[in-house]
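Letters A, B, C and D mark the chains as written, and numbering starts fresh at 1 in each.
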Amino acid sequence: MHFTKQVQDLRVISYSRLNPRHFVLELLAPDPLPVILPGQFAQVLVEDSPSTFLRRPFSIHAVDVAKNTFRLLIQIKGEGTRHLSRLHVGDSLNVLYPLGNTFTLPTTKEVLLVGGGCGVAPLLILAQFLNQNKVHPTILVGFRTKEEVSEIEEYAKYGKVLITTDDGSEGEKGLVVDHSIFNRESLEFKKIYCCGPDAMMKAVAKIARLHRVDCEVSLENTMACGFGVCLCCITPTDKGNERVCVEGPVFNINRLKW
Amino acid sequence: MVTPDLSVNIAGMHFKNPVTTASGTFGYGDEFLDFMDLGRLGGIFVKAVTGKNRDGNGYPRMAETASGMLNSVGLQNKGVDHFCHEIYPRIRDFNTHIIVNVSGSTIEEYVAVAERINELEKIPAIELNISCPNVKYGGMAFGTIPSMATEVTAEVRKVYKKVLMVKLSPNVTSITDLAKAAVDGGADVITLINTLLGMAIDAERRRPILSTITGGLSGPAIKPVALRMVWQVHKAVSVPIIGLGGIMNATDAIEFILAGASAIQVGTANFVDPVASVKIAEGIEAYMKRHKIEAMTSLIGALRTE
Amino acid sequence: MVTPDLSVNIAGMHFKNPVTTASGTFGYGDEFLDFMDLGRLGGIFVKAVTGKNRDGNGYPRMAETASGMLNSVGLQNKGVDHFCHEIYPRIRDFNTHIIVNVSGSTIEEYVAVAERINELEKIPAIELNISCPNVKYGGMAFGTIPSMATEVTAEVRKVYKKVLMVKLSPNVTSITDLAKAAVDGGADVITLINTLLGMAIDAERRRPILSTITGGLSGPAIKPVALRMVWQVHKAVSVPIIGLGGIMNATDAIEFILAGASAIQVGTANFVDPVASVKIAEGIEAYMKRHKIEAMTSLIGALRTE
Amino acid sequence: MHFTKQVQDLRVISYSRLNPRHFVLELLAPDPLPVILPGQFAQVLVEDSPSTFLRRPFSIHAVDVAKNTFRLLIQIKGEGTRHLSRLHVGDSLNVLYPLGNTFTLPTTKEVLLVGGGCGVAPLLILAQFLNQNKVHPTILVGFRTKEEVSEIEEYAKYGKVLITTDDGSEGEKGLVVDHSIFNRESLEFKKIYCCGPDAMMKAVAKIARLHRVDCEVSLENTMACGFGVCLCCITPTDKGNERVCVEGPVFNINRLKW
C-alpha cells in the first residue's frame, strides 16, 4: 500500500459510451495502484489536441484493485473531452493521480449522496467505500432526460437509488433538489455528500443548513497543475484562500463562504 | 566520450546543471518529492515571498490560451515571517540551491524581505521580482521604469549580501534599458522573462475570464519573445542571465542557452508534466553527448550569427 | 428573428461587416479570388506600400512557433509608383473597401506615399504602419516613441484627406500612450496590434532561423496580448479601434469586439485557411442570431466587467 | 477542365508505407480534379498536431484523372509528417491545391530526370507527362540504401531507370552526381530536370552548366501560405526576390543566383 502520486502512462482497457455526451474509460496501471480514496481525482494529459495545453481534471469514478484499474466518467464539454472521447481500447493515456483530499467517513448510517450531470462521477467510488464501512447510502442522481440515465445498476449495488430527470422522462421530474425527499418537514438523513454544478451544490447546501445536516461537497475549479503549486484553483474558506486541488476538492459546507 | 560537464558558475555559485525551476510554478519544491529527486536540479526558485500575508486575487485566476495560460494569482503567500519559520526549516536541506523570489509593493517591503532572507544560511541568493504585472506603483508595473529598477535594486543591494538576481518584466519597450538599470543598481544576475500581460474573454458569457480582467501569459506561446529578450540582454550586459519563458523540453532549454542564458528555469511546463525539469536536464546531457560538447559553458551565448 | 445587422460605421466609413484582412497576409486580394467572393468582406488591407521598391530581407524569412509564426519579410514591395499604376487598376473595383497600408523609414517617405494614395479615388483610407519591427529610426522602432508617433501622424494628416488609421506596435511599455499620441497627431482610427518582436533558434545547427535573427510573431500565441491592448486602448481613447492578433475563428473575433474593437482583421489565419475570413463573418452572424443580437454595434466594447 | 485552386477535404483511399521513412497517400477529390501539372504542389493541413500550426507543402507525385485521385510521396521529417504517417484509409485531409508553376516541356527528346530522397516525388508525374508528349526520359533516382529503393516499377513505365545508393547496396554506389552517366566527356542529355536537397541540385546544376545543358530544378523553401501572399518563401533570381510558391517551385538554373 503506498500513497505516492503517480505520473504514468495508463492503458485504456475498456471504453463505454453511456450516451452521446458521456463515456467511461477504464484505465490499467503498469504498477500496483496507489491507495485511491473517494473524492480524489486525476489530471489527464490530452495529447494531439492543438487547443488543449493543460491537463484536464476528472474525479475517480471507481477503482478495481483486483484488476489494477480505475475508471473515469467523462462528459464531453470542449476540445479536451472531445479528444478523449475518441480514444480506443489499447490507447495509452498519461495520467497524474491520485490528487486531492477525500470525503470523510460519516458518523451516522443515514447517508444521502446527491449528484447531477458528471457530478455523479465520484459518488460511485464513495458508495463502494461506504459499503466497505457498513453504510448503505441513499443515492440520488439527476439527469437531463431518460436517455442520459445510466449506470443505475452500478449504484444500486451499494444503496437505494433515486432518480430525477429535468423533463420527468424517468424518476421524479425536476432538479435533484426538487426531489420529494427534500419536500418534508424533517430530512431522513444525517449526512449529505454532494457533487455537481455549483448552483446545484449551493441549493443542496441550503437544504442541509436548513435541516442542520452535515454536508460535504466536491468543488470544481479551473486548475493548471492539480497538485498544489500554481495557486490557480483557490476557493475562499474560513482559512482564507485554499487550494481546491489539495485542501479540496471536498469541503464541508461549513468551511465555505456560501 | 567522457560524461559532459553540465555545471555552470553563476556569480560565484556552482550549479550542478543549468536547469532550475521558475518561481510560482514549483511551490516550495516539496510538492514534487513524489515525482523526483530534487537533487537532480541545478536549483529551485521558490514562490514569491512578500512582507506580510497576501490572499492574492479572487477566483477565477487562470485561463488557458493557445499554447499557454494566463494567471492572476497575485503573489498569494503567508509573508516572510511564515516563510522563515515554517517553510525554510522544511526545505533548507534539499540537495540543490534554494533561491527565494522576493516581491513587494514598495521599496521598503522589498528591502525588509531581503534583509530577512539574508539571514537564512542555506539560501544563497534571492531573485527580486520587480516584474509582477499584478503589483503596481503609480499606475505602472514597478519593473517598467528603468530608474525605479535601479533604485529598488540598489536599496536591496545595501542590505542583501549574497547573490542578488533581478527578474525583469517583458512588458517594456526596451528590455536592455531595464537590464542595464538593474545592473546599475547592483544586480549580479538578470532573470528574464516574467509573464506577458494578456487577457482572455468568454465570448458566450461576454465576460473576462480572470477576476482581474488581465493576467500574466506564460507557456510556449511566449518563447519567441523570451528568446529574443535573452539574446538582446546578453549582448547588452555582462552579468550572467537566467532565461525562461515557455521552455517545455531540452531543445527549448538549449535555445535559451545559445541565446546567452547561463541557466534556465522551467515554469508552466511543471504543470503539464511534473517531471519536465528532470527530463530537460537529461535531454541537455544527451544533446551534449550527441554534439560532442564537453562543457556546458561552451554553449552559453554560442549562437552562430556570422 | 430578423437577419442581424453586421454593419459598422468607422470614422464615417460604412463597413458591411466587421471582418477585414490584415496587411501583409492577404496580398492585394486577388490571390484569394479562387477561394471566395471578396464582396463578403468588410474590407481588405493590402500589403505595405513604401516610397520605392524594396527587396525585403534575405532568406529564411519564416519560422513556425508554438501556435504562431515569426516573419521577417521586411516590407518587400515594388513602391508606390508601381502600386498606383499596376496594382490599383487591378483591384480598384473589388466590391469591398480597399485600404492601403503605408510604410516608410522616414517621415518624408510616409508623407510622400500618403500623398500619392490620397489621389486614388477608390481608396477610402490608409493605415499608417508605424509598427514594423524591421524598420528602425535612431535604433528604435518608429512606433515605440509617443512623440514620434504624434509627429508622423500629424505630418501625414496634413496631406491625407480621407480616413487616417494608425497601426500600433505591441512592443511598448504603454500601448495607451502610443494610442493617445497617434490620436493627438490626428488619427481617425487606431489599428492594433502588429507583430511582437521574437526570435527562433535551430538548436541543432546552433543558428538563428531567420536571416534577420529576430522577426515578428503572429498567430493565436499573441491573442491574449492583443486582446489586452485593445481593451486598454478602448478605455483610453474615443476613436474607433480595429483589432487583430491571432484571430482564427468567429469566437476570437467576437472577443476583440467585446474588448472594444469596431472591426477586426484576419491575418495569419489566412495562411492556414484561405477562406478563414469569410467563415469568420458567417460565424459572427451565427453568434448574433444565437444570442438574439440585432446590431453588431451593440457588441462593441460590450464586455461585462461589473 | 478548370484551373482554379481548391481548398478541399480529400479522402485517403490508399496508404502505402514504402519503408520506415517514406509513405504514399492517395487522395480522392469530391469534385472533378482541376488540371494538375508536373511540378505543382499541395499544402496539407495537419490536424490534431499541437506543434504543427501551418500547412505542410508536398509535391504532387502522380495524378489519376480516371479515378479522380492524386498521390503524395512523403518523407517523415518532423511532427507534421509523423502525424500524416499515422493516417488511415478513410480519413479525411484538408488540402489546398494545385499550387505553384510547372516544369516546362523540353524541346529535345534527350531528357534526364534526377531525383534524390523525397525529391523523387514530382519526377513521377513529370515522367508521365513527358510520355504523353512522346518523350521517354532517363530517370536517375538516388536513395540512401537498398531498403529505401522504391517505386522503381512505377518510374520504369515511363523511361529507363538508373539507381544510386549511398552505400552501394543497389545500383551504383554514391550520390546521384557520382553516377557514371556524368562521368563522361560529353553528356548524352540535352535537358535535365532535377529535384532533391539543395546541395544535390546545386551539384547537378554545376554539371549542367559545365555541359551547357538546359536544367530546371524544383526548390524547397519555408512556406507559410503557399499561394503567394505572405512573401516568406522568396529566392533571389534575376528578377529580384521571387516567390518559390508562385513563380516557382520550378526554376531554370539560369535564373537562380547559384
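Note that a contact is a pair of C-beta atoms (placed from the backbone, for glycine too) under 8 Å apart; a residue touches a chain by one contact, two chains touch by 3 or more.
Quick caveat: nothing in here was measured; it's all calculated off a predicted structure.
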* Structure fact -> The distance between the C-alpha centres of chain C and chain D, rounded to whole Å, is 36
* To do: Using mean C-alpha positions as chain centres, tell me how far chain B is from chain D in Å, no decimals.
  => 47
* Structure fact -> CA centroids of chain A and chain D: separation to the nearest Å works out as 55
* Per-residue multi-chain contacts in chain D, two or more chains -> 50, 53
* **Shared interface positions of chain C, touching two or more other chains** => 65-68, 219-220
* To do: Have a look at which chains touch which and call the overall pattern line, ring, star, complete or other.
  => ring
* Structure fact -> Which chains touch? The pairs are A-B, A-D, B-C, C-D
* Across the complex, what residues on chain D touch chain C? -> 4-7, 45, 51-55, 96, 221-236, 240-241
* In the complex, go through chain B and note every residue touching chain C. => 65-68, 70, 140, 144, 171-174, 196-201, 203, 205-208, 213-214, 217, 219-225, 227-228, 231, 246, 251, 254-255, 258-259, 287, 302-305
* To do: Would you pull the chain D residues touching chain A in the complex into a rising list?
  => 47-50, 53, 83
* Asked: Considering the complex alone, what residue numbers of chain C touch chain D?
  -> 24-27, 31-32, 34-35, 47, 55-56, 59-69, 71, 73, 76, 219-220, 268, 270-275
